[in-house]
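Have a look at these structures, which come just after this line.
Shared chain: chain A. Partners: chain B in the first complex, chain C in the second.
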Partner chain A sequence: MERIIFYTLALIIVVFAIASVSSRKMLRSVIYLLFVLCGIAGFYFLIDYNFLAAIQLTVYAGGIIVLLIFSVMLVHHIEMELEVVKKARQILVGLLCLIGLGVFLITIYTHPFVVVENQITTTTADIGYKLLSYDDGGFILPFEVISVLLLAAMIGAIVIAKKVGSE
Partner chain B sequence: MITGISLYEILTVTSIIFFVGVYGFITRKNLISVLISIELILNASAVNFVAINKYLYPEALQGVVFSIFIIAVAAAETALAVSIIINLYRQISSVEVKDTEIMKY
Partner chain C sequence: MIRFFSITKNIHEWLFNLMPESVASVVEMILIAVVYLLIFAVAGLYLVLLERRVAAWFQLRIGPNRVGYQGLLQTMADALKLVSKELTGTEKADKFLYNLAPYFVIISSLMALSVFPFTQDFQAFDINIGLLFLIAISSIGVIGILLGGWSSNNKFALIGAMRSGVQTISYELSVGLSLLTMVLLTGSLQLSEIVEVQKGGWLIVQGHIPAVIAFMIYMIAGTAETNRAPFDLVEAESELGAGFHTEYSGMKFAYFFLAEFINMFIIAAIATTVFFGAWLSPFGITESIPILGVVWFLGKTLILVFLMMWFRWTFPRLRIDQLLTLEWKYLLPINLINIVVMAFVVWLKITI
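Right after this comes the complex of A and B.
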């Protein structure tokens, strides 16, 4: 059962990722990205990290996709077709990416991973304690740094997108 | 871990997503498309962190925490990039990479 779900999700993700980078229509490209992100949330559910899947769905599918759709709507005509690069360049880049993928896969398949068989379920409380613990291996400092980064990004976005003549 | 699925299969899928993202990053000529490709690359790395955490070190939580940080950084980056794109469109009425040749105004 898990095998069927995994392969279906993998197929959806790969097909829509390729469609997303090759579609000529901007809005369709964003919607294909939404399908990819939902498929990856399915991976997280399958691998038994429910909290991460929820974050993936809310932050990516809920926040980032809406931001991208907003910017597409503000910037483009809905029917406008993107210009594409020359065919020769596309083929060259595609070949280079295939070579890189080959190197990756050879490296992965020749590396002996020591897999630990387990069925441990990680609860949200475990992740929360780990994030906020200040013992060895705790993540309280990066957590605070990330919160400051988010605040700075928010203020920066407001300052950059503000109308120039309004001050 | 997923019953019947080895780590190799997950890493294969994420490698494919990563290189699809790299392909889009190089061939696309529009700033929003480049942003979409970056999202693909970041997602591939986040899935890798989680999968390796679950398969090799199931007691630890470092991979999950790093994935959360990756998602937070991606959100911040997208918000900034969208605001820069909108500001750029206001200034030069274009979001193509080739028209973007000035850093200030």
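Right after this comes the complex of A and C.
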């Protein structure tokens, strides 16, 4: 059963990833990308990592995709289609993708994966404790650094959004 | 003592005796899905009827009362009519996205429906991140509205969709944060555990002042999330025709319409679960009859649904700047302070 779900999800991800880069309508690409991201969330559900799956859905599917749709809606008319690039460029991109895929596959097939018998579902409480612990392997420093970064981004956004010279 | 568990267990055993294990589990999944689809359709249709009757009551009319006893079959007849109608569309619409959009809305609300603990044993999917899952799913529904508005190739629909996007993204914050306030009390995101915590008293009582504030914020933001009046800028009929679903007809329109009502039910059901003890009876008066939990759950939910309908027929519609001011200048700061207050309440153990 799990095997069937795995391959179905994998198929969905691969098909829609290709569709996403090859579609000439911008909003359709965004929707195909949404399917890819939902498929990845499905993988997280499959390995029982529910927290990450929900975060994947909230942040990527709910946040980033909505933002993308918004920007497409603002700049793109429904009858416009993206232009096809020149042949030489297509070949170059194709080659680069093949090299990337090659490196990726070689890494996966040479890395000795160890099967771990893990039946424990990570709870949200565990993640919270880990994020705020300052013992060995705790994540308090990165957590605080990211919160400062977010604060800076927020203040920056407010400063940019304020009209200059309105006083 | 009748419990849901015994009924489902009997069906389960019967299925597994009848056919091989793998087939039986698939059949079981399909059965559960069908049950939830039925709940979805019936609840949606009867909420529409309820809305129309309540609206009529507020406006001193009678409302639909001819089809069936007291108009009970009215919305069924409407649904049959909608099924038989022609599916029209605009010529230069993006057909693929245009047809896809209703399913986003309907699937996201159907998925949200599956995690509610209707009673102790009647819960399809008791995931350990229940509340987070609900918030995640509700953020997907808006994509359907945005797509529907854009792909119809209609100005009014596009404006409606844009407004919906702005509104939903802003108010999602308040919904999330007010629920987070209550999570401080429960210490768990799992819905069954949240109910378990409330056996000593509903959370709105346990958390007293901050909980009441959180509940008020939640109801305001929840009404805005479902795009209902007084926050129905999305389909402000005096300005935008019918908003994002102007170009939809027949069953595709009905999907949007049903999903709106189911979303209202979902918002009320989350409030019931988090603030009012889900299927728990007040003071445990019917604790010996567990099957009555469904009645309590639906009763509380319907009271909250009625409250939302009351909002709709009482308040005039907000302007877009008023809507955004309300969220960003009032609800969000109040919410943030409220979380800190709740944290102190939990820390100093002054809960009731």
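Just so it is clear, the second predicted complex is superposed on the first by the 155 of 167 C-alpha atoms of A that agree within 3 Å, B and C clash if a C-alpha of one lies under 4 Å from a C-alpha of the other, contacts with A are read in each partner's own complex, and residues count from 1 in each chain.
Simple rule for what comes next: a contact is a pair of C-beta atoms (placed from the backbone, for glycine too) under 8 Å apart; a residue touches a chain by one contact, two chains touch by 3 or more.
Please read all numbers here as calculations on a predicted model, not as lab measurements.
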Fit-or-clash call for chain B and chain C when the two complexes are aligned on chain A: fit
First, second, both or neither for A:Val15, with chain B first and chain C second: neither
Which of chain B and chain C A:Met26 touches, first, second, both or neither: first
First, second, both or neither for A:Gly63, with chain B first and chain C second: both
More chain A residues in contact - chain B or chain C: B
Contacts of A:Phe43 with chain B and chain C, given as first, second, both or neither: first
Chain B versus chain C as contact partner of A:Thr124, first or second or both or neither: second
After fitting on chain A: smallest Cα gap, chain B-chain C, Å: 13
Set intersection of chain A contacts, chain C complex versus chain B complex: 51, 55, 63, 70, 72
Complex contacts: residues of chain A adjacent to chain B: 2-3, 6, 10, 13-14, 17-18, 20-22, 26, 29-30, 33, 36-37, 40, 43-44, 46-49, 51-52, 55-56, 59-60, 63-64, 67-68, 70-72, 74-76, 82-85, 89-90, 93-94, 97-98, 100-101, 104-105, 108-109, 113-120, 122, 126-127, 130-131, 137, 139, 142, 146, 149-150, 152-154, 156-158, 160-161, 163-164
Parts of chain B lying in touch with chain A, wherever the complex brings them together: 1-13, 15-24, 26-30, 32-33, 35-37, 39-40, 43, 46-47, 50-51, 54-59, 61-62, 64-65, 67-69, 71-80, 82-87, 89-90, 95-96
Chain C residues within the chain A interface of the complex: 22, 25, 92-94, 96-97, 100, 127-129, 132-133, 135-137, 139-140, 142-143, 146-147, 150-151, 153, 158, 161-162, 165, 169, 172, 187-189
Of all residues in chain A, those that touch chain C in their complex: 1, 25, 27-28, 31, 34, 50-51, 54-55, 57-58, 61-63, 65-66, 69-70, 72-73, 78-79, 121, 123-125
